[in-house]
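Okay, structure first, notes after.
Chain lettering (A, B, C, D, E, F, G, H, I and J) follows the sequence in which the chains are written, and residue indices restart at 1 in each chain.
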Amino acid sequence: MVYLVQMDVHIPETWNEKKLVDYLARERECSQKWQSSGKWKYLWRVAGRYSNISVFQVESPEELHQIVSSLPLFPYMEIKVTSICKHPNALSEKVV
Amino acid sequence: MVYLVQMDVHIPETWNEKKLVDYLARERECSQKWQSSGKWKYLWRVAGRYSNISVFQVESPEELHQIVSSLPLFPYMEIKVTSICKHPNALSEKVV
Amino acid sequence: MVYLVQMDVHIPETWNEKKLVDYLARERECSQKWQSSGKWKYLWRVAGRYSNISVFQVESPEELHQIVSSLPLFPYMEIKVTSICKHPNALSEKVV
Amino acid sequence: MVYLVQMDVHIPETWNEKKLVDYLARERECSQKWQSSGKWKYLWRVAGRYSNISVFQVESPEELHQIVSSLPLFPYMEIKVTSICKHPNALSEKVV
Amino acid sequence: MVYLVQMDVHIPETWNEKKLVDYLARERECSQKWQSSGKWKYLWRVAGRYSNISVFQVESPEELHQIVSSLPLFPYMEIKVTSICKHPNALSEKVV
Amino acid sequence: MVYLVQMDVHIPETWNEKKLVDYLARERECSQKWQSSGKWKYLWRVAGRYSNISVFQVESPEELHQIVSSLPLFPYMEIKVTSICKHPNALSEKVV
Amino acid sequence: MVYLVQMDVHIPETWNEKKLVDYLARERECSQKWQSSGKWKYLWRVAGRYSNISVFQVESPEELHQIVSSLPLFPYMEIKVTSICKHPNALSEKVV
Amino acid sequence: MVYLVQMDVHIPETWNEKKLVDYLARERECSQKWQSSGKWKYLWRVAGRYSNISVFQVESPEELHQIVSSLPLFPYMEIKVTSICKHPNALSEKVV
Amino acid sequence: MVYLVQMDVHIPETWNEKKLVDYLARERECSQKWQSSGKWKYLWRVAGRYSNISVFQVESPEELHQIVSSLPLFPYMEIKVTSICKHPNALSEKVV
Amino acid sequence: MVYLVQMDVHIPETWNEKKLVDYLARERECSQKWQSSGKWKYLWRVAGRYSNISVFQVESPEELHQIVSSLPLFPYMEIKVTSICKHPNALSEKVV
């Protein structure tokens, strides 16, 4: 099953540079681990905003939650989840 | 350049069955023409809602508008457009 | 997989009594067919509003869409879909 | 009487790890006490978000408030309450 | 149990004067019947708007729905329902 | 004149227990003083939320502001004010 | 007592020119009658929008409702009402 | 003085093709007359939506209203007006 | 030209009493200086809320910005600006 | 390609005067560098608000993101991005 997820990042203003750099490095590592697994299909930047839009292909809603909540910045993101599926007018047989 | 577009369909309540069927057939034909062209990369159904979420890869914002506004149901959709691009943490070289 | 779905009904003002009664009868029949199938687990009325909140247990997002879009009033409802799953603090093993 | 309650959690950014762990342990204990009592019927995770959706069966609105406000994270949650009841099209005699 | 209910009225633009007058007369009769029963405790006009705010004291959410949905204008109102109860700082023993 | 006022409380996360207890005691005292005066007619808890809905009968908007802004938690509340009055369908002669 | 009222006009699309001209003439007459009475203190156009913002000085919320609801376009306007009063920093003794 | 104005067009569903074509022709003529006058500085299409964003340089808010309300589609547009001016960091001496 | 401006004040929770008193004194002095100049025509309190609604008559949008941004609390206010002008139905020749 | 971007600035309340002055100087320098490059075509102040509206002409969404995210205040701004293009009724051949 496929989900479209938008994540808007809100870095706490009290973080110093060192803490921020550390978080961003771990965030990168974590997101790339899931991309390598084949479950995080797309990771897009929203142009001009501190946000990303992503496409996940997972076994269950539990697995989606496991992935998204494993991100170090998870508690600092406003997240919108949309369950998507095959459209009857889509030419491609595969959803993603 | 790549756009994510959400379209919520609002069929006018005054349309009869015949008019609706005609519109849906032309909508299908039009969307599949653009999918075949390679510019309409993904067409997804939002599960449980009369909406789709799509990914377009186009030459310019003018071309995006040409495609979306060519849909017969264009005047009857509430449309949200998001300009997306490569994310620095994305593993893939290609945006879509 | 389990979905929570809220449906707010907006009956077109041009419908006469006969058309409304016909739609409501078919809506009832359709929703009860899906309840009997075991996929539509709960159907609740929102107290004081022309809305329902429902819980579906389905095989896929495609199946959720098939069920919800088969309702005669589907084009006349504003629908909100939430993908839910097991909570780590939940005592029960089953989601629903 | 039955309520559907959505709780979105916002952990204060000033909490350290120890304080957070302590709160989460007490939150778990508290929510499981109410689940054991039979009043907190369902506790669901919203997939991909730091939120839950719950179903309560209580004697009165006062009791609902007593339960929800006893949660240690109560002051740190954005809460939406919906009063629900039997739907005329529901097959089951029981609301929940 | 006590509910606060706000109802915003949207008269369909296709109604003629006769139909409107008839609906308003029946609306009045219906609301006064429920006021006389002691269940519709307060009916207030929102100053300057085609809206009312009301307080109901009922046996159950089902009874609230029965009352509100019996109003002839029910399908033409946008309705917001809030479940209220005794406040710990309230001096009065009775909720309403 | 009569006002319906909803107050949503947002306690600053930096307050310690002692400060909170002090504020809540003074809030209680202040609200009960105004209830005793007969101007704060109803004080209701919104079930499941850190909010109250109140009814005030005052001489002027200036007096309403004097009362609400005298509450110790006034700077920490999100407040919505609705001016209400007699409804033509109301049976009772008195507004509140 | 003084109210600030914003009215956004939504002319029904089914009205013909004659009906519209008739309504606008009666709207003008009605609003000028209340301006002459001294109760409708200011009537401003929102630049670029089919809206007005007005200031009323009335005896009671009932009188405000009487004035606003006497406008022929009342059922076709979205109305927002704000109760305003003397500000402690205002130099003028009079509110309006 | 300079205004940024966003106009979202909502064509009534009851219009036939002939009426729509007539309105669009007159809309074009009207907007080009004001562009030629030098007061309508920019007219942009929002990519993928039935909306435009425009920049006007006018003598007064009254003149802005005169221009925008002269558009044949004025009653069928949702309009948002923003008053803009020189930014202290802008290099150019002229606003537009 | 005339503007209607709503300012909602959000005092930072970290300010101590001394800092708050100092800011409020300077805010008062600043707002009264502009009222004396004749450019800040009205300053109203929104009854029951930490907000004001004001009317400014200025030479340009630049001057409006100069006045509003000179307020010590400017960075701590949520501000909504509406450009208003003479309404064709207004009896008075002057806007304010 | 052309973008309209609105940026609302929210300065953290914990910043002291020195830090703020430093940020504002670097923000000015950065924005003027991009204006000199010809890619940041317009920078407007929203009258009365701590916001700007800007027009960018860039090669790609990636370049837009590079520019906007290079601003020192980028993490402290709420940003709205709109992709705009030539309107069929525009007289000018150039978009900006």
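Here is the rule we go by: a contact is a pair of C-beta atoms (placed from the backbone, for glycine too) under 8 Å apart; a residue touches a chain by one contact, two chains touch by 3 or more.
Since this is a predicted model, take the numbers as computed values, not measurements.
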item: Option in H-J, B-J or F-I whose residue-number contact pairs overlap C-D by over half; value: H-J
item: Turning angle required so that chain A lies on chain I, C-alpha fit (0 to 180°, nearest 5); value: 145
item: Chain whose mean Cα position lies farthest from chain G; value: A
item: Interchain centroid distance [CA atoms averaged], chain D/chain H, Å; value: 49
item: Approximate Å spacing (C-alpha centroids) for the pair chain B, chain H; value: 26
item: Cα-centroid distance, chain C relative to chain J, in whole angstrom; value: 44
item: Junction residues of chain I, two or more chains touched; value: 2-3, 14, 45-48, 61-62, 64-65, 81, 83-86
item: Contact pairs between chains, per stated definition; value: A-B, A-C, A-D, A-J, B-C, B-H, B-J, C-D, C-E, D-E, D-F, E-F, E-G, F-G, F-I, G-H, G-I, H-I, H-J, I-J
item: Chain G residues within the chain F interface of the complex; value: 1-3, 60-62, 64-65, 81, 83-86
item: Chain D - residues contacting chain A, complex; value: 11, 13-14, 45-50
item: Contacting residues of chain E [partner chain F, same complex]; value: 2, 4, 27-28, 31-32, 35-36, 42-48, 52-53, 82-92, 95-96
item: Residues of chain F that touch chain I when the two form their complex; value: 3, 5, 12, 14, 61-62, 64-65, 68-69, 74-76, 79, 81
